[in-house]
Every structure is written in structure tokens, then in C-alpha cells.
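One chain, chain A, links the two complexes that follow: it is found with chain B in the first and with chain C in the second.
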Partner chain A sequence: MKSISARQTGIILFLTILANKILLLPSIMYEKTKADSLFVMFLFFAVELFVLWIFFALKDKFGNKSLKDVLQNLIGKSFAKFLLFVFLIFFLFKTMLTYSVIYVYLKDLVYQDEFGFLALICFLPVVNQGVICGLRAMSRSFELFFYLVLAGIIFCLSIAFFTNVSFPYFFVSNPSQIFNTWFTYIFSFGDYLVLFIFMDKIHIKKGEKKKILSFVFLGIAIVLSIFLIFYCKYHDTAFMHNNALADLLVFSVQFNAVGRLDIIAMVTIMALGLFQMEIFQFAFCESFVMVFPKLSIKYAVAVFDVLFFIVYFVLIGKYELMIQLTTEYLPYFAVISNYILPILIFALSFKHKKEVKDAKTI
Partner chain B sequence: MQKLFNFFKKNPFILILALILVFFTPQSLFAPGENRERAIVIAIGLDKNEDEYEISFLTFIPTPNQEFKQTNSVVSGIGSSISEALLNAQLTLGKDIGLSHAKTTIVSEKMLENDISPSLDYLSRVVSLPENTVFVCTNSSAKDLLKATSSLEENLGLKLDQLISYNANEVYVSDTSLEAFYQGYYSEERASIIGYLEYVEEENSQSQSASGGASDVEGDSANQKDKASQSLSSSQTEGTQGEEKERGSINGQSQILNNGEAVLLKKGKKVAILNIDNLNSINLLNNKKSLDCIKINQVKTEDDKTVDMVFEVKNKYVNIATKIQNKIPIFIADVNLGLKLTEIDTKGQEVKSNTQFTEINQEIASKIESKIKIEFSQMLQILRENKADVINVYDTFFKQNRKQFLDFYNNLDDKEDYLNSIIFMLNVRLQPDG
Partner chain C sequence: MAKNKVKNIINKFKKEFHNSNDFASRIYENDKQVIGMLFLKSMTNPDLFSQTIYMPIQNFQDKIDEKSLLEKILKNNSIEIIEEKDIEKNILDGKVVIFSDSFDGIVSVDILSFPSRTPSEPPTSPVIQGPREGFVEDFKTNLTLLRRRIHSKDLVFQTLIVGEKTNTKVIVSFINGVADKKVVEEVKKKIQSIKIDGVIDSYYILSFLEKRPDSLFKQIGNTEKPDIVASKLLEGKVAIIVDNSPIVLTVPFILMEDLQSSNDYYTNHHYSSLVRIIRVLGLMIAIIAPGFYLALQLFHYNVLPLNFLITIANTTQGLPFTPFLEILFIFLLFQILYEVSLRLPSYLGLATSIVGALILGDTGVKAGLISPPGVIIVALAKIALYTVPEEQSQITVLQILFIILGGSLGILGIVTGFVYIVNYLNTLDDFSTPYLSPYAPRIANDLQDALIKQPINEMKSSPQSFPNKNKERVK
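Right, the complex of A and B next:
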């Protein structure tokens, strides 16, 4: 079986941690909890790290078994398929959200007119090809471009320090507002679920968890830095800037004379967007193949494209509606998929262990 | 053929890529150049005449030439709203406009009689005027200033945004961009500062620049060639060099005066013009700004001669503290200045004094301190009168004494007038530099 290394797993996690959090999220969260959104992010990451810990525990327990095998062992074939179907839906919408956020950015900074269909024509073939090539080929590409993407992000962040930055007001929101915001934007998280989907393809040697964790903490540190620097730079006008990472670089009088510095942000964000869409689409296709084992990944890709087109362009229609959908209705779904299901699987794994022990005793 | 079919069957996305290339490449190759459909705007001007808005664009026209000269043109449109004026300007131009490269936004003083924010909101939100555009006010019409700017660029190679950026870095010591305006506008204080440039015609420009000692940059001087100007029902297009017909009084000479002044805005409206002394007093509290000159008159030297002295502020350290005493907020600023004596006006006398090492005696210290304090109180008076806190008093109290300050603030009858209820203490400590 073509498996990926701990380092490649770490890079995949790094990329998914950044998904949907470095452009639109800092701005829309500011409207609700001002700079205290940073605390909401701490809360998010604390819960997410708990889910990662659950993944490691399951991986230790079930070794190289696939999620499908694990679920079938724990809850039977039919329920396993149902849960995999839930993950399938989750990753379909997750890819759409990622596409929407990138699209908002491209529309604001590159094109002024609506060009959704054209953007999709540019994105989908590349993403599809990546998925068809498989997880290992994708991971190698991510490894190759990792330092380039990292350098782009660090450049955008460091430029912000040459402009006027000062600490924003903290502790202006009450706990209820903080938890409300946490719930509203929960769909932008749940990134570690991708690991559950291809857990059988991840090969972690003894002591390599630290390597994965180092990438995870790097991702978290970058997201939190973007939030902090963005709020330090924009304060009360943070709500006007929908593309946090790019806007840190672009809107400074001091760099007016340098010209199109924003190209650096553009290249970084485009690469990130493509990689993240590839990961989420791959998770969708893997779930699809697990639900419909007789169909190959090429069918899964074709189904994804058709579903994407129908749901995004026919049913939803506009990216604003997509964002609205993920903040008003999908949070209920995300609570189940992001947290309840992993915790449920983890709890059931104890029962499974007990049953195995009982069987041995008899 | 079978091989090709099998190849595409194995790699279907190469087929998709080929289809995309087949459909889109000819379309891209035969499409007209973007500059034929979209005009690149490098500066934008907003004017208001009674009930009508006039929007002017300084557009860059890419034309092949061997002189490496940039051809600019000023185009304007009039309408009852900003969007209508914009549409009329586009009609005149025969192109859509792209504001992504608009580095300067000029508004006339008349526009600032009312809240400017709704007009700007349309431009930045709908037609993507970038927030890092430098935001400037002018006494004349924005259109006139744009025309003068255009020739300024052609003759001297000096761009308006560079001029204003210099002011922003050296005089205002803060951003004067649209973003900075919005930050002030949406803050609790609702006050901001933007740049100010005077546009003067030849008759009075000489006297002003001579008396005011301000730097002036001449524009339009060599550009007397007649250029076609065309007008439509509600909009006009002018070349850079042919506007004199329309403004008979200009007589071919117009100047942009940069006195280092700035406009104080409250809730998006102009409330006062700050001169360079006011701005220096504001910057007294700013650690970033240190280059400044202080002139004191009638100082006695060691050999008992009376002279005027100029000191340069070589370094500065400011410490700001706040406290609430008997429910009254006190704002304390400790300003430490390192001064260097740079000039002595002997008034024709023979003075024997060693200026190598600056000495600050009691008399000099007291004169400098009193000058700084007077100027600071004048500036404070302007801010108090206009309820415009541009020295971040609210921010400082909120960060340092939040609970007590909010108790005080929430009990005020007029919350905007909090500056009048705060005691300011300015402690100046002087040290010779070097």
C-alpha cells in the first residue's frame, strides 16, 4: 500500500490548519467578538488538539486498519456506511467553503467582475488530477512547495511590522459572545478529520508523533500570528478587510512605491488554496470509495465535480450564500462531524477492547 | 489512433486541459488589449458643486513612445450622485475605469463640509478604490489640483503621492491614507487627520510662498500648448495641458503649496486646519518623531549679548501615564528632549560663544519649556473645541485604567466632550545632545 510518512502527514495537517482561517475568518470574527476572537481561536485549537489526540490513540490501537474496517468492527456495516456518508458530505461542503474563500480573494484583488465558473474551470482539473494521482503524489508535491508557501506567509507577516501596529483592546466580549462565535464558525475547523479518512495510509514510526506535532504547532502559531498582527494593524477597520493575509501586505502607504508586492500574497494564497482543495477533495473521494467500494476513485472525482457544480452553482449560486450556509446551518452538522463522531468512535473503541478482553477470558 | 485514445482514457485530465486550451486560447489571443477597455486611474478627485458631484480621474494612457514619458489625462464627470458622476466620466472616456492603481484621492474642502464617508464608501466598497490610497484635501477644486499634479509629474517627475508620503512620514508622523481615515472614523474618538495641499494661482502664489516660507512646487509652467478639450452634457475631458481656456484667471501658472498643513476631521467632516506648529505639538507625544526645530528669542549669552537661538531636537523619549484622582482622569506626558544648538541669530552683533557644545542654562530651559507648553495648550484647545481626540487619549486611558475611566466616561453628559474633563500635565526635561 502506498503510505505517507510522518513528515508528509505533518505537512498535510499544516495545510489544513490554515484552510479557511487566514483570509476571511479574522475579518468576519472581528464583527462579533472584536480582538477577543483570538481567544475564540485558542478555544478552537484546544478542542482540535484533543481530536488529534483521539486520532493518535485510535492509530495506536488499530494500527494500519482503514476507518471503514474500524467502524465496521465497532458499529457494524450499515452504521459504518452512514458515518462515512456524513464525512463525505462534510468534505464536499468543506471543499466548497475553501473554494469560496479563495474566490472572494481573487475577485477582490485580481478580477472585479463575477467569474465563478471560469475560476472553477481553472481550479477543478488541477485539483482532480492531484486527487487521481493519489495521496503519496499529492504529499510529495506539498513537501516540494512547503518551504515556498511558508516563506510567502512569513514575508506577508513580516511586512506588516514595518507599518503602524499597536495592540488592540482585549477583553471586550463576554463569555456568551465568545462561545456564540465559536459555534458560528465551527465549520471552518475540524481539519484533523482528514487524518481519520486515510488513517490506513499514514505510516508513523515510533517517536515520529513529535514530528507531526511540530507541524501542527507551526500551523497553529501561524494562524494565531495572522489573527494577532491583523488586529494589531487594522483595529476598528478589521471588518473591512476580507483577505487578512493579503491585506497585511497590501494596505500600507509605506510600501506604495514598491509596486505590486501583492503578487507574493497572491502566489502563496493560490498555492495554499489548491493544496487545501486537493486534500479535502481527496478526503471526499476516499469516503466515497469506502461507501461505494465497487466504484473507483475516478468515479468519485467525477461525482464530486458533478455534485460541486450542482450544489455550488445551481443550488447555492453565490459565494455569499455559501458563507452564510456555513455560519448559520452547517455549524450544527459540524459539531457532529468534527467532535461528536470522533469522540463516539473513541468511546466505542474502549468497548471493543473490553469485548476482545472478555472473549480472551472466556 | 488507438494509442491516442488509450492515452486520453488513462489521463482524462490531459484531454480536459487540451479542451480548455482549444476553447480559451483563441479567445485570449484575439481579445483586445485590456487598456482599450479599461482606463488605469492613478489619482481620483471629488468635488461638490451645490447639489452635484464631480468626480475627476487622472488616467494613465499607455502609448508607445521613445521618450519614456508617461501620458496622463484628466477626465471628469458630473452627476447628482457619486455613482452617476462616475458613470458619466466613464462615458466620456469610453472605457471602464480601474481604481486599483489609484494612489491618491483628493477631495475639495466643500466635500468635507458634510460627512465624506458615504461618498468614499461607494468608491472603496463598490468600485474597489484601494484603502492605501493617500487621502488629501485641497482648498480649491480637486479637479484643478489633479491637473496641476499631472503637469507636475511631467515637468519635475514628482508624484503627488510621494509628496504626501513625505508629509506623512516627516510631518504628520502617521498614515494619511484612506485606511487611516477609516480607522479614525470607526474608532470611539471618530476623529482623524488627513493631508492638506493648497492650490494657488499665479497672482497670489508669489506672495503666499514668500510670506509663509512654505515649499512650493510649480506645475503647468511650460505647458501652454493648446489641447483639445471636449465636453459632453454632464462631463468633461481635458488634456493635461489645455485647461487654461476654461480657467481664464490662471494665466498659465498654477502652483501646489505644501505647507505641511493637515485637516482635522470629526465624524468625516472638516472641523479645523492644523498648521505645522499644531502638528508638531501633536507629535510631541509621539516617540517616532524627533526631527524638529525650536526657536527661542531674546536669549542672553555669556558675554551678555541678546540673541535668538535655534535648537534641533536630536532625540526624544516620551513616557505617557494616566491616573484617575478623585474621579478625575489625569493624562501625564513626560517628554525628554535631547537638543543641539544649531543656529544663533546674532542680529548683527559680535558674539563670542562656543557653540561646539550645547549648553542649556536656566533661561534657555525655561524659554523652551514655556514655548513647548504654550504650543501644546493651543493644540489641545483646538482638539477640545472640536471634540477631536487625535492624540489617543481615550485609547491610553482605556488600556491603562479601563474600569475607572469607563466609570468616568459613562457618567459624562456629553461623552464626546471627554477631552474637556481631563487634566493634562506636560513635563518637559531638556538635555544637551552630544
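Right, the complex of A and C next:
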């Protein structure tokens, strides 16, 4: 089996945690809980780390078994298919959300006018190709681009940090507001669920969990830094800046000799968006193949494209609708898929004996 | 009756060789016996034939038999006893076949001789320091060049014949105990399965060795330098030497190999590292510079420095072409000049440069057909391309692709195009070797000879990007 290494798994987690949290989220969360949104993020990450811990525990217990096999062992075929179908829906909308966030950014700042089909022409074939190339090829690409993406983000943060920044006021929201915000934007999280979907393709040697965790904590640190510097920079006007990472540069010090530097943010955001879409679409396609085992990944990609077009015409063109969907209706769904299901699988796994097999990693 | 035997054989082969002009037969006849000789005049030296074969036979007083032929008359030659079915092959290999009515055996004498080039510095890979020898068309010379560098009984050459009409010798070379046996077997299996009428050059078998022959990207290494092949053999790679070709193929291949040059190993490693980084930058500039310039000009002009933006606005004002067509036009012009300069006789080279650089370039700008920034960007990309000349053909195609992507979709097109290509490259893993290693996947051990090069004494172990058996190189 073509599996991926712990380092590649870590990089996947690093990339998934970034993309849709560094553009729109800091701005719209500020509307609800001001700078205390940082505490909401802490809460989010604490829960995400708990989900990651559940994954490690399941991986220890079931070795290189696929999620489908694990679920079939624990709850039987029919329920297993139902749960996989829930994941399938979750990843369809996760991909849509990522796409719509990137779409809005590019439309607002770069292309204006009729950008919809242009973006589709750009994104869909590349994301489809990435998924068809497979997890190993994708993760190798992520490995190659990792330092470039990291350098891009650190550059943006550094430029913003060395301009005029001051701490905002914290502790202005009460716990219920913080919890309410957490619930509202819960659909933007649940990124680590991808690991469950291709758990059979991940090969973690003894002692390599630390390697994965180092990438996870790096990702978390970067997201929190972006939130903090963004709030330090814009304070009460933060809600007006919809593209956090890019806006950190746009309204920062200008270097006349080299022009505007937000092209670095632009390239970083485009790459991140593409990578995250690839990961989520791959998770969708893997779930699809597990639900419909007779169909290949190419069918899954075709089905995704059809659904994508349908949802695109209904939602993505009107991004307020997408935001409304993910903040008003999908949070209930996200609580189930992000947290209840992993906990349920974990609880059921106690009745199962430990099973470890080796996988080949190149 | 006995005399007829010799004549029959001669007639038979004359007929089989269709009375070809260079097919020669000689009969030496005396009262004791008749001896027949067959050979190709085009593949043998006539003086050598006369001095080492015909005259000694003529001067021999007694009756000639197999024993006297081998031990006395032709004892200073390379001789072999062959069967009748092998006569044709031996004649084609440039040997003289001797037979007689007085003995049953058939003797083959090797006096192969044909015009051959002496090893010289290959024009495609000149070096400032280091060995200057290059492979030639004669495979025996090429084997000698390798054997001279690797004095080891473990260096193996295995000959396979490919091509129904050409019967070309393809030699698979590897170091036993260093190369991975599976790779060697896979290479041999692939070569043995080739069904083709003829192999003129090593490129004829290239596509049979590649996992994806329809791919734009090269998957097999090639070089004209024996020192490079020797070092690859030491790493555990397999070399494929084809008779009549100065280009030797090596497998497995990774992209990083083309970013390395033999010069890197004969100069200071700090300098080598710097040059390698410059090559990567050159490669990137060559691929995306024209497309990136178009993207900035058409979609993201606000990120350009104001002074440069004003220059572009001034110089592109009034041009008959759109920026996209302008860059395509300049690109096409450069490509035409390049093709012309390759094919024109050298004495016309100066004239081409004058026409290309002065008349087409300068006058084109003055006439308001093309803009100076456009010419500079395309020229920069074209020059940068030769930092990695081995990838020239692939990069040229990619340049066009990125011009189209940058011109139609802006930076987004370039980023998506780049991700698409990298994803694709990551699916190339011939002979269990990831194409973009040691960076994707990251193989820490091999980073010692990647973009940053360590001194030779610190390269303790063999590369791990591809299968090989020699784990320890420096002890």
C-alpha cells in the first residue's frame, strides 16, 4: 500500500489548519467577541487536539486498518456506511467553504468583475488532478511547498508586526458569548477528521507522534499569531478587513523600490487554498469510495464536480448564503461529525482488541 | 566434391548477402586442399587481412588442419571456433570466417576495423576543471573508458542484442554488490522485450525504458561523459551503453541530477552549492518569468513598483499587439532564431546574430512592434534556460504553457499550473525512485548532495533516494 510518513501527515495537518482560518475568520469572529476571539480559538484548538488524541489512540489500536474496516467491526456494515456518508457530506461542504473563502478573497482583491468561471477553470482541474494522483503524490507536493508557504506566512506576519501595533482590550466578552461564537464557527474546524478518513494510509513509526505534533503546534501557533497581530493592528476596525493575512500586508509599510508586497500573501493564500481543497476533496472521494466500493476514485471525483457545480450556482456566487449556511445550519451537523462521531468511535473501540500491522512507506 | 563444399558455402552466403558490394570471399587452393574465407570489406582492414590471415595460410608448407590453423598460422589473432549457423553473425560482426574441405571446423578471426572517433570533450557538457574525455560511437572504446575508471572485478557489462535488422549491441553495466538486483533485472527485462526493426541511437530505446513514455519530463538520465557514468555506477545506478551512440543512459533518474554538473565535484563545495542555487533560480526564471510578467502587466499591475509601471505604460503605448500576443510574438522570434542558429553552418552564425539581435530586436522596438521590457523578459528567460541545459526541451514547452496561464488567468494561473506540474512529477517513480527526491519526499541523508553540497569526505553513505546496496561510501 502506498502510505505516507509521519512528517507528511504533520504537514497535511499544518496546511489544513491554516487555509480558511487566516482570511475571513478573524474578521467575522471579531464582530461577535472582539479580541476575545483569541480565547475562542484556544477553545477550538483544545478540542481539535482532543480529536487528534482520539485518532492516535485508534491508530494504536487498529494499526493500518481503514476507517471502513474499523467501523464495520464496531457497528456493522449499514451503520458504518451511514457514518461514512456523514463524513462525505461534511467534506463536501468543507471543500465548498474553503473554495468560497478563497473565491471571495480573489474576487475582491484581484480579479473583480466576472471571476466565477475563471476561478473554476483554475481550481477544479488542479484539485481533481491532485486527488487522482493520490495521497502520496499530494503529500509529497505539500512537503515540497511547505517551507515556501511557511516563509510566505512568516514574512507577512513580520512585516505587519514591525509596523505600528498595540494590544487590543481583552476580556470584553462573557463566557456565554465565547461559547456562542465557538458554536457558530464550529464548521470552520474539524480539520483533523481527514486523518480518520485515510488512517490506513498513514504510517507512524514508534516515537513519530512527536513529529506530527510539532507540525500541529506550529500550525496552531501561526493561526493564533495571525489572529493576535491582526487584532493588534486593526482593533475595532478588524471586522472591516475580510482577508486577514493579505490585509496585514496591504495596510503595512510600503517599499517603494519593490512595489506592493501583498503579492506574497496572494501567492501563499492561493497555494494554501489549493492544498486545503485537495485534502478535503480527497477525503470526500475516499469516503465516497468507502460508501460505494464498486466505484473508483475517478467516479468520486466526477460526482464531486457535479455536486460542486450545483452548490456553486446556489451558494458560492452569493457568499453571504454560504456564510449563513455554515454559521446557522451546519454547526449542528459539524458538532456531530467533528466531535460526537470520533468520540463515539473511540468509546466503541474499547471493546476491540489491539491490532497492529506494518505498512510500507516511501 | 570436396571443392564443391567450399564453393557451396561461398555461393550460399553470396546469395544471402544479395551480392552486396562489400561482401568478399577468397579461395586459397593448392594440390592438398581448398580453403574458403568470407568477410565484409567495409568492416575489416584489407592490409590486416592480407598480412595476418591470407599470407600466413599461403606460406604454410604442410597440409592445413584445424590444429595448425589455431596453434601455428593464426596464433597471434583473436580466434574462435564457431558453428555453421553462426557464420552470418560473425561476418556481420566484422570477422573473417575460414573453412575448408580438409577439416570440419569453422574458424572465425576478429580483425574488425572501421573508422572511429577518438574520445574528445563533448560539446554539450564542457568542464572548466576535471576530465575532458567523452564517449564515442564505438561501444568498445566506451567500455574501456569506464573500465579505466573502475578497476574492479565487480564492474559488469552484459550485452543484449536489440533491433531485428540492426542487431545493435546494448550493454547493461552495473557494479555487482552496489546496484540493486531488482533494478538490473527490470532494466534487462525491458530491453529484452523491445521489438523494433532497428536501434540507431540510445534514444531509440529510451522510451522503452520509461514508465511513462508519453510524458513531457525525462525519466532516464543521459550523459556523454564517462566520469559522470562512473560516479553514477558507484552510487548504485545502472548504465545502458548502446553501440553507435555516444550517449549513455542511466537509471534510476531524479530531477536533482540535472541540477548537478560534473564541475560541482571538481571545485570547492561552497561554490558548488552557490552555483546549484543559481541553477534552480535560473530554472524558475526560465519557466515562469514571461508568464509572471504577463500576469503582473494584465492582472496585478498594482503590485509593480510605480516607476517600473510608468516605464511599462510608456513603452507599451501604441503597440499593435496585446501584451499576451506581444510576448508570444517575441518568444516565437527567439525560438525561430534558436532553431536557425542550430541548423545553419557556423560561418553564417554571425550573420544570424546580426539579423536576430540588431535588425529584428532593435528595429522591432524602434518600429513600435514590440516593447523593450517584453524583449528583456523573454531574453532573460531564454538565457536562464541554459543554466540547466539538460532540461532545455521540457522548459521550452513549460514556458509556452506558463505564458498562456499567466496571460489568461494571472498569478492564479501560474500558481495552479505549478501545483499541477509538481503533483504530476510526484507521481513519477520509475524503479521505486521518487522523481523529486530528496525534497519530496524529504530524504535527509541525500540532502548532503542536493542544493547544498557537502565535501566528499562528509558524504558517508550512498544516496537513499533510489534502491542500491552500497550503504557506506566513506569509512
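The criterion applied here is as follows: the second predicted complex is superposed on the first by the 341 of 362 C-alpha atoms of A that agree within 3 Å, B and C clash if a C-alpha of one lies under 4 Å from a C-alpha of the other, contacts with A are read in each partner's own complex, and residues count from 1 in each chain.
The working rule: contacts are C-beta pairs under 8 Å (C-beta built on N, C-alpha and C of every residue); 3 or more make two chains touch, one makes a residue touch a chain.
Computed from a prediction, not measured in an experiment: that's the story for all the values here.
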item: Broader residue contact with chain A after superposition on the shared chain, chain B or chain C; value: C
item: Touched partner set for A:234, first chain B, second chain C, both or neither; value: first
item: Partner chain in contact with A:128 - chain B first, chain C second, else both or neither; value: first
item: Contacts of A:250 with chain B and chain C, given as first, second, both or neither; value: first
item: Touched partner set for A:140, first chain B, second chain C, both or neither; value: second
item: First, second, both or neither for A:7, with chain B first and chain C second; value: second
item: First (chain B), second (chain C), both or neither touched by A:314; value: neither
item: First, second, both or neither for A:270, with chain B first and chain C second; value: second
item: Common ground on chain A, meaning residues reached by chain C in one complex and by chain B in the other; value: 121, 125, 129, 256-257
item: Complex contacts: residues of chain C adjacent to chain A; value: 299-300, 302-306, 308-309, 409-413, 415-416, 419-420, 422-424, 426-427, 429, 432, 434, 436, 439-442
item: Complex contacts: residues of chain A adjacent to chain B; value: 108, 112, 121, 125, 128-129, 132, 163-164, 167, 169, 234-237, 240-241, 250-254, 256-257, 298
item: Contact footprint of chain A on chain B as seen in their complex; value: 12-13, 16-17, 20, 98, 103, 124, 128, 130-132, 134, 161-162, 165, 168-169, 174-177, 179-180, 182-183, 186-187, 398-399
item: Chain A - residues contacting chain C, complex; value: 5, 7-8, 106, 110-111, 118-119, 121-123, 125-126, 129-130, 133-134, 136-138, 140-141, 143-145, 256-263, 266-267, 270-271, 274-275, 362
